[in-house]
Structures are given as structure tokens and as C-alpha cells.
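These notes open a run of structures that come right after.
Both complexes below contain chain A, partnered by chain B and then by chain C.
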Partner chain A sequence: MDVNIKLFLPEIFITLFAFVIIGIDLVMPKGSERKHLARLGIIGSLAAINVLIINSGVTGTTLFGLFIQDGVSIFFKVLFLLTGIVILYMAMLYEEKVKNFKGEFYALILFAVLAMMFMASSNDFISLYVSLEFLAVTLYILACYTKEESASVEAGLKYLITGALASGFLLYGITYLYGATGSTEFTSISRILTGKEMSGFLAIGLILVVTGLTFKIASIPFHVWAPDVYQGAPTPVTALLAAGSKAAGFVILMRVMFTALGSIKPQWVLFISVISASTLLLGNLAAMPQKNIKRMLAYAGIGSAGYLLMGIAAGSVLGSGSVMFYLLAYLFAISGTFLAIVIFYNSEGSDSIDAYAGLSRRSPLLAATLFIGLLSLAGVPPLGGFIAKLYLIAAVVKEGLMWLAVVGVLMAIAAMYYFLLVIKRVYLLPPKVNLPIKIGTVDTALLYSINIATLILGIYPGPFTDWVMEIAKVLFRGN
Partner chain B sequence: MITLSHYLILSLILFSIGIAGVLLRRNIIIVLMSLELMFNSINISLAAFSHFLQSMTGRIFVVFTITVAAAEVAVGLAILVAVYRQRKTVYIEELDEMKH
Partner chain C sequence: MVSWLILFIPLIAAVLITFVTRKQKDLSSYVSIGAVVLCFILSIDPILTLLKDPHMKPVEQGFSWINIPGLHVEIGTLLDPLSILMLFVVTFVGSLIHIYSRGYMHGEHGYSRFFACMSLFIFSMLGIVLANNFIQIYIFWELVGLSSYLLIGYYFEKPSASDAAKKAFLVNRVGDFGFILGIFVLFQATGTFNFIEINHILEKGGIPESTIYIAALLIFCGAIGKSAQFPLHVWLPDAMEGPTPVSALIHAATMVAAGVYLLARTSLLYHFSPDAMEVVAYIGGFTALLAAVIAVAQNDIKRVIAYSTLSSLGYMVMAMGVGGMTAGMFYLTTHAFFKALLFLAAGSVIHALHTQDIWEMGDVFKKLKTTGTTFILGSLAMAGVFPFSGFWSKDEILTIAFTSHHYFLFTIGILVAFVSAFFMTRLVFVTFFGKGRYHGHPHESPSVMTVPLVILAFFAVVAGFAGMPWIEPNFGSYIAGPLHGGHGEHGFNLFVAGLSTAVVIAGIALGYIVYCKELKSDPLAKNVLYNLAHNKFYFDEFYDNIIVAKVYNGIGRICNFAEVNFIIIFFVNGFAYLTRETGKVLRLTTTGKLQHYALVMVAGVVVLVLFFGVL
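So, the complex of A and B:
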């Protein structure tokens, strides 16, 4: 076997940087500031993006077909590395808030990014399962990292129990798919299934695999962990769960549903559509009465998973391209919002929505970031989130799933309501204290660039949508 | 003569016991044990499929599953210790701080 090392050079980079961070952390004096380690991680991620772009022409499979590098995996790896950079920066701001802070927090974030990169490249149920569990175990540790806070450890434990239950379902489903086809590699499963009738093993496997994967994307039936974990986990980790883990869940869902099971698409469209519609209803309706902003964003994230599942249910190039565009817009909206939440928490020590009253008079930039970020999540023109939702709805309409499109449109209106409740507090209510909130220079630059990115995706989406549609074709090459 | 279905039924029974344990038991240590039971029931069906399909992949998969499940439960026990130090409890219904 010849191994083409160029295919997984970025992964090697990230692994090296993560271990170097752990190594330096060991020799640093106890209690000293560790922000340079985060900077090192950011440099490593930038280097990995560079390597990815230089080698973007090098595609193919390696390691006995376990690992694939194609347009989709390159797109998602860049997305994950960008997420990683923002999260590392957020963690740097969070450092003072944690007692006995250790540099391994930064290394764990890099490991989580690494796991997501492997998920984007999985081409076999074995590598899918192992990389998925790698991400899960890393996130269990990260979620309960502030172990002095009882909410954080409680969140970690709940995340672990539901996560392990879901991966049990996933694995049981994989077993039956393996039993039905005799293979675990996606392209050969697709080849074996072409022109085959639906069998009992196949149906059981399909239902269990999809059920298991709903945990990662936080949709029904495995959505129960999201509110508690989003609320209890340290805020940078919540942002990682919201932007990174969800995108990683969708890349493997796309690979399984389109590449491996694409040839039996008529059998699973209804199943996915029902999950999508019920997730949309639950997420958006349950977000309304929430008092904590992280908990509200958790329910909004469940709602987003419902939208993204519409793209999976469409099962077309248009559908998967719009999933990718949605995740891109979602990354910027989520990272801006969470950066604002971290800065606000550092200054005020509170995550409750009521504490945001009068923010526009205390810090116009934070208020504007929340305004743009939340309205992009709600899907208001001319922001990135609007274009993304439009494409997803267009994709399901094109496949004839009118009822799903109707649910999507109605729930977009519901989403507007709870996001506008926050914006009303930020802009219209008077502040309790009138002190301005201090924001550093780098924070300001980062907030500005994230907001501009969201605006560009909304005002001039043409090149980006063309790009993702071109990439999405790769997924359907097998059929 | 023991056929594939015998193994699959055994695996299904163990898997159901595992799920029932996770969902119904109050003690988190027993919940973790039930998770372990679920993973082992899956290993039985993987190995059975591997034997009856005459394919090596399933057996390789079992090795990965065992390793990953062990890592997962090890982290679970560590988190449980952290929970116990704070709350002095291992009962799942007492962990409801964030409902309000």
C-alpha cells in the first residue's frame, strides 16, 4: 500500500501543535498566564489552512480507503479550522474566569478540531465511528472543564450519558448495514445497494444509524442534551458545540446518506422529512420562553438542525450545497454572537437575557454584533442566514416536499419572535447601570470582520453559492 | 445448529436490557454498566455477521469498538467522580440544577 502523506498533512500539523502545547504547558510555572499557548494554536490552525489550500488539488483515498480527501472534506476542514481559531481566541478571553487554568484546554480544542477534520474525511464506517467518538470524548472533557462549577460537571455527565446511548444506536445500526451489505466502505455499500430491494436488515440499519447521528446535530430524538449542556458548559465550548460539532455531524450525515445510501433515497426521504419537521417545531417553539441566552441559543440550534435536515431530505446537489452554505453563514453568525456573549460575561458575570437590557447604550459594537448575528440566525435579509434558508426551502420545494417548506417558512417567523425579544432588550429597554463595557483592540477587529463576513454572505452570495454547489457534486459521484 | 438469528436475538435481548438500564436506573454507575452492556451486545452481532459473511471487517470493527467503549466509560467514571465530589450523590434525578 502506498500512503500519500500529502492527503493528511493538515491533520499531522494540528496533531503536532496540540502535543507541543501540552508539552510546553508541563514546563510552565503553575498559575502563570497561558495565553501564548492559544496563540500557538491559532498559528498552527492558520498553517494548516495554508497547507490545505496549497494542496487543494491533491484528492483521493488512502489508508485502505478509510480516509478520503475531496472538495467536500477540504471545504469542511477550512470551516473547522476557522471555527477552531475563533474558539481558541474566545478561550483566551475566558482564561481568567477558570481557577487552576491549564494549557491542556487549548490542546483539547485543537484535538476536537482534529477529530472534526477526520470526520470530514471519513469514507468508511470504521473511520466514521472512531473519529466521531474521538470528537465526543474530547467534548465530554471540555464540557465539564470548569469542574468547580456544579453546572459544568452536570452538563458533562448528561452529555456523556446521552452521547454514549446515541453512539450505541449508531453502532447497532452500522452492524445491520454491515450485515445487509457485507461491507463498511461507503462507495462499495453504494455499489452493492444499487438496484436492490429494501430488506429488513437494511431498514433497521438505516433507522438506527440516522437516530444515532441525530445526537451530533442535536435534532429529535437525541436533542435532550443540548439545552443543559449549552447552558452549563464554558461559553467557548458551547460555541464549539454549536458551530463545529453540528457541522461535523452534518458532513458525516451527508456522506452516509448521499454517498453510501444514495441509491435507496426514495426509502429514506419521508423518514428524514418527519425528523426535520418535528425538530423545526420543537426547537423554535421551545426557544420562546427561555431566560438564559445560552439556553435560548441551544433551542435555536435545534431549530437550525431542522433547517439543515431539510437539505438532507432534499437529497440533491442543491440541497447539500445549501447545507454547506447554511453552515458557513451559521459559523459567522454563531461565532459573532458567542464572542459578544463571552465579552459581556467577562464584564457582567451573567448570561441571563434580562441582563442585556440597554446594551446599545453601554457598548454599541456588542449590540450591533448581537443584532447582526441573531438576525442572521433568524434569517432576515440582507444577511447570510436569509440566503441560506431561502436556498434550503427552494431545495425541498424542488423535490416536491411542499409541506416541509411550509413548516420551514412558518418556523422562520417563530424564530424572528424570540430573537427580536433579545434585540428589544438590547436596544429599547433602559440599562440598569450606565457603565460602558471595555472591548480590546483585537476583539474589536475580530467582531468587525465577523459582522462584515455575515453581511457579505447576505449581500453578495453569488460566488459562494456557486462554489458550494460545485463542491457538492462530489458527493453524488458514486450514483 | 446455531444460526445467525440465534446470535442476533441474543444481541437484541442484551441491547434491550442495556437500553432499559440506561433509561430506567437511577444510579449513574449502573447506567455506565448498562452502556457497557449495550456495546458488548453490539460486538456479539458484529462478530456473528463477520463469521457468517466470511468477512474480516467485522472482527476488526469489534477491536475498535472495545477500545473506544473503554475510553468512553473511563471518561464517564472520571466525570462521575467530579460530580460526586461536589454533590455527594450518584443519583441521576438529583442532577437538575439547570431546569430553573
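So, the complex of A and C:
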């Protein structure tokens, strides 16, 4: 049996750390603080990143082609581990809100990261489905972790049921694809499909698989769960859904669309474009009337999925590189924003957008973080999000999808509107109470570094874009 | 590597002063001075490289900045003879001005702010000098606009100062708009922003001459704004509202020279469009004459120098237009020395007498010996008296105008030389000699101010020898690299040199006759031409009352009407209404009921399958 341990060494690391956390949690006195466990998790993630970078030259497939390690998977694994670190830190700030099973909270976050890493490496519909379900199960538990709050329970339940439905569609679609091609492995599917005409069997399989995957990225038609779950779930979990789970959905989508189905690209471009455009319209327009910041970010996240789908629709190296760059910029913007939301919530106990009035006078750093994070999400220069949107739009223009680019540009204006509504409250309206909000030293350092990262990605994107474009070529090697 | 250090040190200094040393005034000034002096020391190495090898290859370092298909923008530095020369001028003169400022600005409110802005300005200027592509030069071009705005408006509590800052910024924006359009035209034609690549493409030919013509004229708009050429010359005299070191820095050595530098940088473009060169030459010549005449009738010491700067800039632009790229750059270099000197010496006079009106000065030479002596040396250089630096550089321009058969421009040049000699004589005699009309007891400035004066005076006297026609290699042969289309050498023309010396002597003599007396006010004040010139030929009034009040406001009213009634009511409000209502409707799909969610999901799949699956 061909097993190359080196290829999934980071996964082994994370698994070990997660189990060690659960083990230590067992022997710790009941009701005591568990923040050290989060720190342990962060150390584990850093170690895994280190292992990834050291072994970045080791690529290939193993476990009978189920598992692949290449540039794309390494990029995404680093992305997921960074996400995990920020989420663990956020969870640490959030610990008081979690009444029971504090230790498992951290372990589950690590398991979610582990699941996403497996998703990044899936090279077969079987491993794809298993890792996807692994992530789904951990997220179902995490979404309803604060069981005392009915909103959290409701969020978890809704996520579970809609998720199960989406899984059903995905699995059904996979069977059709298997029926049409006789394989579940991406590269062999690609080989079989080369030069083939589109059949009804194949079309239905493709549509069902893509719609099943839209659940993870929260785009039309499986976006409905997002607002309720984003709002109800504990904020670190929301951030994990927004930054991690969405990126994991896209790495799978890229592998399926480009590696497995790349040879029949002309047949699915319009399909993906329509999903992208309608998602863009829905997410950005529905975000406008929102009153709760997490709910608004849920709709904004749907809008982002629309932008990212533009890169899939482009179906080119430029498109997929742009997707990766967008996710990188998105990670920093969204984690800064959510970190600010958690800190604000701990101090004020509210997620209402109106509560943010006058924040700039109470905490300039939190205000600046929201300013940079939200404007980066909106796509304002010189922030990372601007470059990301620019590349995505350029990618679809290059493929001749002018109408999609127009929708993208128009919706960027709409996004400006609802993000500026928050910024207006933060900077222009007077505060209700004029007490400064205290921020710890580590928080300050983390906020600073996240903001600087967003700025660097915007001011000097050259090396990063060149890098992702280089990585993206891997996906197209099959055809 | 060195070029990057040189570029970023002043920025670091500006940031450091703003965030760290703001409260410690002395430390702030040392950080700023240290930064610019360090830049000068670091640029010695490239200067020596150039001196050793006049035919050095340009050293270019570029990094990809934005890279999408069809658009590649890099950030980079380009060290070639041209940029090394400018590097020397900017950092050397800049260092002296910084040191001088420590004394001049003593006790001013916002001392640290001043030095932070100065460092930011040096950073922006070095960015222009070192840029290797048009986008970068444009970014720093705008940064120079911003930092000059901050410096001119330094006394922002004074309405005249804040107005002057605003004027400088807005007038520059007019030129910059043309500049960016020119960059785009050029990009459209060549597909690159990089100077060297554009030059290669130009040399190969293949770009239609009409395109080159349009691009060259549009890019010239940028130079018209920054180098204050007619008709955008109005901002420069007003900008004298800034502190005197600022005037010396931005209006002698750096900012206004940027336009000339841009013309030199793009000289190949003009080389391939003789028509555009003619336009450049005539605009330059006209500006030179106009400003020289106005300078005769000004009573503010700094304004006289300001108009003489305008006139000099016109001279340089004219030089570029008649094909004398190296001559223009030579004039720019010598001008940087003697004009910075004149401004700083004027600042020293103002520091002593607390007035800028030359009719409230007079007979202060005995009290201000160093200032007076250096000022006179600067004036002689400015007037172009043999063998001061101004003579050599002016002579080179005149020779090129003459030998390239631009006889009309040559006549203008001679005329400007005459008028310049006249008003500089007037300035010297009224300020330093004759009847004492000042109040109080003037004292010579501290050595932190006079030492830079002496150093600058030395260079104002001797810098011209570098360009003497009969030494080889001289200034011109260093600068005329393979990158530029300019001519390196020119001969010495005895007729031109003789004629210019004759008119300079005539100008000085006339000035001596009119002004070397015990005067209370200007004896020419009743003259009609004098009054026209004194009122700057009513350009400001024309712009304010006709262009701004009638044309601009008229267009503004029409736009306002259209905007309020059409765009806002129809588009903005309509669009807002539409999106808000759509948003509300879309929100209804999120009812909170799980059954509805499942329904939406299944319905969505059914629609997609029907739509695409059946197709």
C-alpha cells in the first residue's frame, strides 16, 4: 500500500494536539479556566504551519489517490491554520460565554480546521464527501455551543437540517457523475470527459454537485441558512463559518470544476455565471436593511461568495489565482472585523449596529480595525479587498463575461453603502456613553498585525499575486 | 539597494517625527536634518560612479506591483545620469535648507510639524527623481502637490496662507489632469509605463507621430502646472506665503524643477515630435519674458525672487523646447544653487528686519555683511554676469537657441537677460543700499543660517565651471546618456556670449542709474507699463472674475441644476428606493422558518436543473 506519511504530517500534528487538549481537559478541575488549552491549540497550529513550510517541496498523491498534496492544498492549509489561530484566540476571549465543555470547544475548533485541511487535499469524490461531512458535524456542534441561548440552539438546528438536505443533493449528484464517468477520482474523471459531449446524466450530476457545494460557500440556491446561523452562533464560530468554511468550500469547488470537470468547461461557464450574478445581487442588496452586524456580515458573506464564484466562472489560472488572493485578503479583513466584534460584545453586550455609535471616541483602535476591515471587504483602495475584486473582475472580463463584470462593479457600490453605514456610526455619530473600551496588549498587537496585513496586501500586492498565480497553475495541469 | 534607502529614509523620518518625537522639538529637527543629510551621503556613491564613467549603464530595479493581464505596474528605481544629477541637487540643496530652517524657524509654533512636512516633501521629491515608470512618477507627483500644500499653508491660521496653499494645489491639479491623460495615451500606444521600455519602442518607431504629439503635449501639461508656466503660473508667487525655507526648497531647487525634470526624462518623446517641442519652447519663452517684466514692478522681496524663478523656469522650459535638454538641466542645477541662496538670504534679511517690503529696507548692508555679500553673489549669478554660474548656463541655452535657428526665441532670451539684470540690480540697491527706511535694530542671523548661505554662495559662483564648453568631459557629456535624445555638446559662440554680456551690463547700468539714489519709493511708479506689471497683468483678476466667476461658476450652476433635478432625484433616490425595496423583498425570503428554507433550496435546485439541465 502506498502511504507517504510525510504528505499528511501536518494533519497528524493537528489530530494529536486536538486529542491532547481533550485529554488535559479531562484531568483539569471542573469549572476552571481553560484558556491554556487554546494556547496549546495555537502552538499546535503554528507547529503544523512550520511542518507545512518545511515540507512544501513534498507533493504527490497517496492513499490510492484519495489524498493529494500540492501547491494549492499547501496554500489553503496555511490559510486554514491561520484562520484556526485567530478563531482560537477569539474563542479564548469568548470563554466566559461558554458555560460547559470549555475544553472541547477548543478541540472542536481544531477538528474543524483538520477537516478543512482534508478538504483541501481531497482528490476524489469519496474523500471530498467524507471530509466535508467531518467539517459539517463539527460545525453543527459548534454552532449551538452556547446551549443556554435559544438563538444558538436554533442556529445549530437550522444548520444541521439544511446541511443534511444539501449533503443529500451533493451525494445524489456524485452518483450521477459516477454513473456518467465510472470514476470518482478527479484526474481520471477529467481524462474520461476529455472530448466528450455533455449528456443529460452528466448535466444533472454537475448541477446537483455544484448546488450541494453552494451550501458550504453560502451562495444561491443554498444560502438561506447563513443569516440565521451567523447571527445565532457564538461569534468565533460565525467567524469560522465566514472565513474558514467558505474558503474550504472554494478549494473543493476549484478542484471539482477545474481538475475534474475542466475539460467540459464551456458547458458550465454560463451556469456558474448565473449563480454568481444572482448571489451577488441577493447578498449585497439584502445586506442593506440589516440592523445586526453579524447578520449584515452574513449577507455580505453571501455577496463575497458571488465575487469568488466570478473567479470559478472565469475558469482560468487568473480566475483561480484571484480566488486564492481574495480568500487571503478576506481572511484578514473578516478576522479583524470579527475580533473587533467579539471585543466590543464583551464590553457592551450588543451586536446591534446602532450600538457602535461613537466607537471612534471610545476606542480608536477598534474603530480603525472596523474601518480597515469593512472597507477592505467593500473593496476600497489601497486595501487588500480592492486588489482582490480588481483581479476577479479582470479575470471575468478576460473570458468575455462582460455582463458579469458589470454586475460585480455595481454590487461593489452597493457594498460600499451598507459598510459605510457602519463606518458612519463608528466615526460620525456621538456615543451614548463615553466610556473608553479597554483592549488587552495581545489583542492590540493582533489587531495591529491584522490591519497591517490588509494594508500590505493592498499597497504592495505584486509578490502575493504572482505567488498565487504560480500556485493556481497546478489545478490545470490535468488538461 | 542604495536607491531604496535614499527614497525611504525621509519617509521614515516623517513618520518618526509625527508619531514619536513630536513633543521634542529639537529632536524632531535633528531627525529631519539627519535624514536628508544621510540621503546626501548615500547619494555620493552613485555620483562618484557617474563621475568615473560618464557612459554608465542605467541601473534599474523594478518590482511587480500590480500584475493583471493587460496591466503591469511596477515600483522601481532608475539610476541614470539624469536622476543622479537630480539626486545630488535635491539632497545637497535640501540639506542646507534643512539646516538653515533650524535657525529660521526657531520659536515658531508647530516646529515639529514643519520638519515632518519637510521630510515628507523630500520623500515625495526623491520619489519623482528615482521613479522608473510613469505611474510611480505620477503618484509622487501628487505627493509633492500634497506636501507642498502642507508647507505653503504652514501658517494656516492666516487666511492668505491657506488660500495660497489651496491655490497652489488646485492650479497644479489642472496640469496634473493633462499629465495623467498623457500617461494613458502613451500607455495605450506602447502598453507599458516603464521609461526605458517606452524609449525603446519610440526608437524603433511604429508609434504614429500624431499620437506622440498628443501624448507629449498632455504630459507637458503636468510640467506647466508644477513648473508654473504660463498660463498656470499664478500659483507660484502666492505660494510665497509659506515660510522662507519652504520657498527656497520648493520654489528653487525641487518642486518647480520637477516639471523641467519631467521634460528631460521624456525628452526622447519630444525628440520625435518637433511640433510639440515648438509649443514647449514658445510657452517657456513667453513665461520667461512675462515673469521678468512683472518682477520689475514688485515690492515684496520674496515676490521679486519668485517672479525671477518663474522667469528662470521659462528659460529652462524654452531650452527643452529648442532641443537643449542638457542645457536646461545645467541651468536647473546652477539655478538651484543661486536661487536657493537668494531665497535664504532674503529670509535672513526678513529675519533681521521683520518685513518683506523692500521699501521698508535700505542701507542694511553694513549691518548684515554676510547676508548682503552672499545675496549680491547670488544676484550676479542670477543676472548671468561673467564668470558666475548663471552666465555659463544661460549662455548655453542662448547658444542652442541661436544655432538651432530659433532667432525669435533667441531675441526673447536676450531681452529676458536684460530685464533680469535690471530687476536684480534694483533689488540689490533698494534692499541693501541707499536710504535706510527700516525700523528697529537689525542683527546678522546666527551661524546656523549664515553657514548654509556661504556654502551656497560658493556653488553659485563656481558651479558654472562644470559646464564650460571647452573642458572635456563637461557637464553636458555626463548628462546626455544614451537614454536621452538631447545633444551633449555645443560650441562656444563668441557672438552670443558677447551680446548677452553686453545686455547684462546694460541692464545693470540702467538699474544703477535709476535706483542707486536716496529713494523713498519707486521712481517708475507712475509709468503705465509699470502699473500693468505691478498688477501682474491682471492674470489673477482675469482668472477670478472671468474664468472662475463666469465660466466655471456658470458651468457649475448648470451641473448643479442637472444634478439636483436629474441625477439626485431620478438616479440616486430612485436607485436607493429600488435597492431598499428589493432588499426588503429579498429579506422576506429569510423568514426564519426552516420549512421555508428547505422549500427555497429545493425550488432553487429545480429551477437550475430545469433551466440548464434541459438546455
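The working rule: the second predicted complex is superposed on the first by the 478 of 479 C-alpha atoms of A that agree within 3 Å, B and C clash if a C-alpha of one lies under 4 Å from a C-alpha of the other, contacts with A are read in each partner's own complex, and residues count from 1 in each chain.
Following the convention adopted for this analysis, a residue touches a chain if its C-beta (ideal position, glycine included) is under 8 Å from a C-beta of that chain, and two chains touch if they have at least 3 such contacts.
For clarity, every value in this text was computed on a predicted model and none was experimentally measured.
In the superposed model, A:463 lies in contact with chain C only, and not with chain B.
When the two complexes are overlaid on their common chain A, residue A:166 makes contact with chain C while staying clear of chain B. By the touch criterion stated above, A:182 is placed in contact with chain B alone, chain C being left untouched. In the superposed pair of complexes, A:155 makes contact with chain B only, with no contact to chain C. When the two structures are aligned on the shared chain, A:141 is found in touch with chain B, with no touch to chain C. Residue contacts after overlaying the shared chain place A:400 against neither chain B nor chain C.
By the document's definition of touching, both partners, chain B and chain C, reach A:228. In the superposition on chain A, the residues of chain A contacted by chain B and by chain C overlap at 157-158, 161, 165, 227-228.
Residues of chain C that touch chain A in their complex: 63-71, 74-75, 579-580, 582-584, 586-587, 589-590, 592, 594, 596-598, 600-605, 607-609, 611-613.
Remark: chain A residues 125-126, 129-130, 133, 136-137, 140-141, 144, 147, 150-151, 153-158, 160-161, 164-165, 167-168, 171-172, 174-176, 178-179, 182-184, 227-228, 231-232, 295 touch chain B in the complex.
Listing the residues of chain B that touch chain A in their complex gives 15, 18-19, 22, 28, 31, 35, 38-39, 41-42, 45-46, 49, 53, 55, 57-58, 60-61, 64-65, 68, 71-73, 75-76, 79-80, 82-83, 86-87, 95, 97-98. Residues of chain A touching chain C in their complex: 157-158, 161-162, 165-166, 169, 200, 203-204, 207-208, 211, 220-222, 224-225, 227-228, 270-271, 274-275, 282, 285-289, 318, 387, 390-391, 394, 398, 414, 417, 460-463, 465-466, 469.
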